[in-house]
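Both complexes below contain subunit A, partnered by subunit B and then by subunit C.
So, the complex of A and B:
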């Protein structure tokens, strides 16, 4: 057992028991971040803040939400929106944050792809990040079921139907997932549990893993430069702050993060109060009705690209393409065969690949929402083919890439 | 080292806005055709040519035109059957005419009196040649100039109605929409506002009456017209306004009649639906402004802090 002495101060008392000084040093003042970064490096903090907003608003909503097929709709739209003081505010914050969090996730992801931040020891950062993406997707989907509106019900119907596996006709699996033949009370109860307990727990654990995965390989920088963090840190501590290529996590890095967060929150709260419709689909303000299929069923915008990879094909081919799209991003560190961990702009063909992928995913997103009439059906079909083609070509074009 | 941040910001904002444009305004324009309002002008109906005489109109309403055979007229102490029996007889409770003169458009009222199915745009449902009579019997005239008589009736209805200023959102909704559409967030049922009963039995008795009424209404309309509690969020003001103006534009063949309200009444109906389905809109706007001011100040301090910390790092 450690030797404890009479504490000289509260801090000393805590230090003996929790080593707060060491923690402060390891996690903040001597956690070294490259200086050569731009505002895209703040997306992690923006995501953390948005997740905190989701968590806090969710806790408030949970106090009045009723997970029952008879009461859910009115508990959201009457009790929370009209009866409870500021219930509308928590709901709008929650709904808008759930949508905006995906915008930031996509920016964060494409930043990682552009700067090669999934290579050379940073593979686990990428993989844990993609697991977080999966967990956030499940969280978003399960949350979308809870108001029990028309879109909740029919999106629940369509997505759970996917598990029948097309020609496999695994209808038993679909019924097992729903706990009924159609989405009903058992379905709502279990998605409620997933949304408020199991998936948030998984997300918290994965965030820990994601942060932990950063520790050894360190944060990447704008030019993919390999830094000697120990030497640069010594330079910084010796007083050459301007000459050192690294900065402290706190307050140096955090101050820049908070600047970006400040600007982001102006944008976020503008959406919450004045432009929230994009995050709260009007169709979901009609109560769930199993006898009335809405004219257009579409997922929220952040799922549209993968929905459009499913839609233009026949059932079985579509499901295979869909499954491919769901897992392929996780494999990026292994499909990229180039030894270069530098920005895409300096990687020749990969630069073309990057912008083609970005634009193709935006096209897929747009085509995933509009009805599958011509010319949208054809555009969507070719965009889906291009998506698959881009991934197949990735190992080849990166193998051809010369060492920089 | 060149500062690339402005360029990066432009790229991020451009692709975000492009995606937004494609999944919101663009996608919705392909899914829902935009229908422009005619400003409740009812251009398909004949213009009014005669000036009515209210005194003569009163005699017609009370006598030869037989309006009060079916319609109550509470301002003149004319009562009709209770809503449940009325709906059992006609399918829907015929409206009390006390405020018809202010709720409905004058041109529409005149056309309605002469040919209800035509003015209401439900001729696909009520075709006299096939023996499908509209429950409201057309006025065939009382022996004089029919256009003059109709003008007199309308003049009388306008003379007894409350003024435009007195027309509240509640009165507008209850007259124009409330006999078919419940709004349970406002405790409105097709037979009136549901009182707060102390005894469970009274509560259930009221509910039974509502159910009886709804049964008749369902038979008459083909399906129970929807509860409009949060239609302002699910459809939006523009849709509801233009739908009221002419339901056939959106749902060809729907049993819902053209409502025939004036532009002012339509505005009041929208306000009622906002009070029901978007009750906290004023609070949202005022708090929104304050939060924006707060957060801009926060952002300014965050920027100043960063500049302070990074002074030594460059």
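So, the complex of A and C:
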């Protein structure tokens, strides 16, 4: 057994039992962050804060929400919105955060792609990040079911039907997922469970993995420069703070992080208080009706690009294209054959690839929103073809890339 | 060495027991997600077919799903091609389209346009003619026909009669 002495202070008492000083050093004051970064490096903290907002607002919603097909709609739109003091606040924070979290995820992702932060030992950061994206997508979808409005019901119908696999006609699988022939009580209860327990648990675990994956390769920097973190840290600790290329995570880097978070939160609460409508689909204020499809069904904006890849094709090809779009980003570290981990702007053709991909996904998003009529159908079709083409061309253009 | 052998055996024994337990738990979990017996049992709907109007689409309900019933006029019957005729359900003197009112693409409910005598699915733009046959993709096939049995002037949904069995065997519906 370890030897314990009479504690000289509360901190000493904790130190002997939990090694809080060591923890503080390892996790904060001697966890090193490069100096050569910009505000885009704060998106991780912005995401962590947004997740905390979702968790807290979700806890308050959970106290009044009723996961029953007869009561769910009223428990959200009547009880929470009118009866519960500040119930509207939790709902609007939850709805706006659920939408904005995807905006930040996309910025975070494209920052990683631009600066090559998925290569040279950072592959696990990228993979765990993409798993988080999948988990957040599942969390968003299951949460969207809960108000049990028309969009909840019909999104549930359409998305679960994807699992029939087109011509495979796996209707048994679809009925198994739903627990009924159509989305009904069994479906609502199990998606409620997924939304409030199983998927959040998975997200928490994946966040741990994501942070852990960052530990050894460290954060990337604006030039993709390979830093000797031990040497730079030694320089910093010896007093050459100006000459060192790194700073402490806390309290130095985090103070800048929190500055960005502060700006973000002003924007976020502006949306919550004045522009919350964008996250509240009007169609979902009609209660679920299994005998009436809304005139125009579309997913929330953050799923539109992959939805548009599904839409222009016949059912089987569409499903294959959709499945391709869902998994392909995970493989990015292996499809990029170039050894260069530098900003896209210095990578020749890859720079074109990056901007083409970004613009194509914006076009797909826009085309997913409009009704399936011409010329939008044709534009969407070509944008989907370009999306697939860009991924197929990625290994080739990165193989041709010169070593920087 | 002796110890390693013993630990190895214990490890393998634990692995075997865990594997059996894991498979058994997965089986229980799978079965717990199955539709309940009460859901499966509530599966039959009987329709009185005498009250429908020609070219007026009526949506009935079976197993929580919409069922389209469209009584054909003489005009409609006269202009049918063979494929369309094969989908007709005749009850007494009247002829009907009976179909599951869910688009065969991803399950939205198509709307019926009385004047153009066709269906349009608003979700992804699929189209069907008045007999339920597909006229524009993405739906891969015509509207599915639910299991039915003709019983005098009534139609029982959920039970397969000879007319339905024939349609299924000839591939008109799934």
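Note that in this section the second predicted complex is superposed on the first by the 404 of 404 C-alpha atoms of A that agree within 3 Å, B and C clash if a C-alpha of one lies under 4 Å from a C-alpha of the other, contacts with A are read in each partner's own complex, and residues count from 1 in each chain.
By definition in this document, contacts are C-beta pairs under 8 Å (C-beta built on N, C-alpha and C of every residue); 3 or more make two chains touch, one makes a residue touch a chain.
Because the structure is predicted, anything quoted here is derived from the model rather than measured.
*Asks:* Taking the superposition as given, does A:371 touch the first partner, subunit B, the second, subunit C, both, or neither?
*Replies:* both
*Asks:* What is the contact status of A:290 with respect to subunit B (first) and subunit C (second): first, second, both, or neither?
*Replies:* Touch partner of A:290: subunit C, not subunit B.
*Asks:* Under the stated touch criterion, which partner chain does A:190 make contact with: subunit B (first), subunit C (second), both, or neither?
*Replies:* Touch partner of A:190: subunit C, not subunit B.
*Asks:* With the two structures laid over each other on chain A, which partner does A:234 touch: subunit B (first), subunit C (second), both, or neither?
*Replies:* A:234 contacts neither subunit B nor subunit C.
*Asks:* Which partner does A:25 reach: the first (subunit B), the second (subunit C), both, or neither?
*Replies:* Neither subunit B nor subunit C is touched by A:25.
*Asks:* For the overlaid complexes, name the partner, subunit B or subunit C, with more touching residues on subunit A.
*Replies:* Of subunit B and subunit C, B contacts more residues of subunit A.
*Asks:* Is A:157 in contact with subunit B, with subunit C, with both, or with neither (first, second, both, neither)?
*Replies:* In the superposed model, A:157 contacts subunit C only, not subunit B.
*Asks:* Return first, second, both or neither, reflecting whether A:39 touches subunit B, subunit C, both chains, or no partner chain.
*Replies:* In the superposed model, A:39 contacts subunit B only, not subunit C.
*Asks:* According to the stated criteria, A:314 is in contact with first (subunit B), second (subunit C), both, or neither; which is it?
*Replies:* Touch partner of A:314: subunit C, not subunit B.
*Asks:* Indicate the residue numbers of subunit A shared between its subunit B interface and its subunit C interface, in ascending order.
*Replies:* Common to the two interfaces on subunit A: residues 295-296, 371.
*Asks:* Quick one: which bits of subunit B touch subunit A in the complex? Just the residue numbers, please.
*Replies:* 1, 4-5, 8-9, 12, 15-16, 18-20, 22-24, 26-27, 30-31, 185, 229-231, 233-236, 277, 279-280, 283-285, 287-288, 291-292, 295-296, 298-303, 305-306, 308-310, 312-314
*Asks:* For the complex, give me every residue of subunit A touching subunit B.
*Replies:* For subunit A paired with subunit B, touching residues are 35-36, 38-40, 77-78, 81-82, 88-89, 92, 103, 107, 222, 241-242, 247, 251-252, 255-256, 258-259, 261-263, 265-266, 269-270, 272-274, 277-278, 280, 282-286, 295-296, 301, 304, 358, 362, 365-366, 369-371, 376.
*Asks:* Where on subunit C does subunit A make contact in their complex?
*Replies:* 30, 33-36, 39, 59, 61, 63-66, 104-111, 121-125, 137-140, 174
*Asks:* Under the definition above, what is the set of subunit A residues touching subunit C in their complex?
*Replies:* Touching subunit C: residues 154, 157-158, 161-162, 166-167, 169, 175-182, 184, 186, 190, 290-297, 311, 313-316, 318, 371-373, 377 of subunit A.
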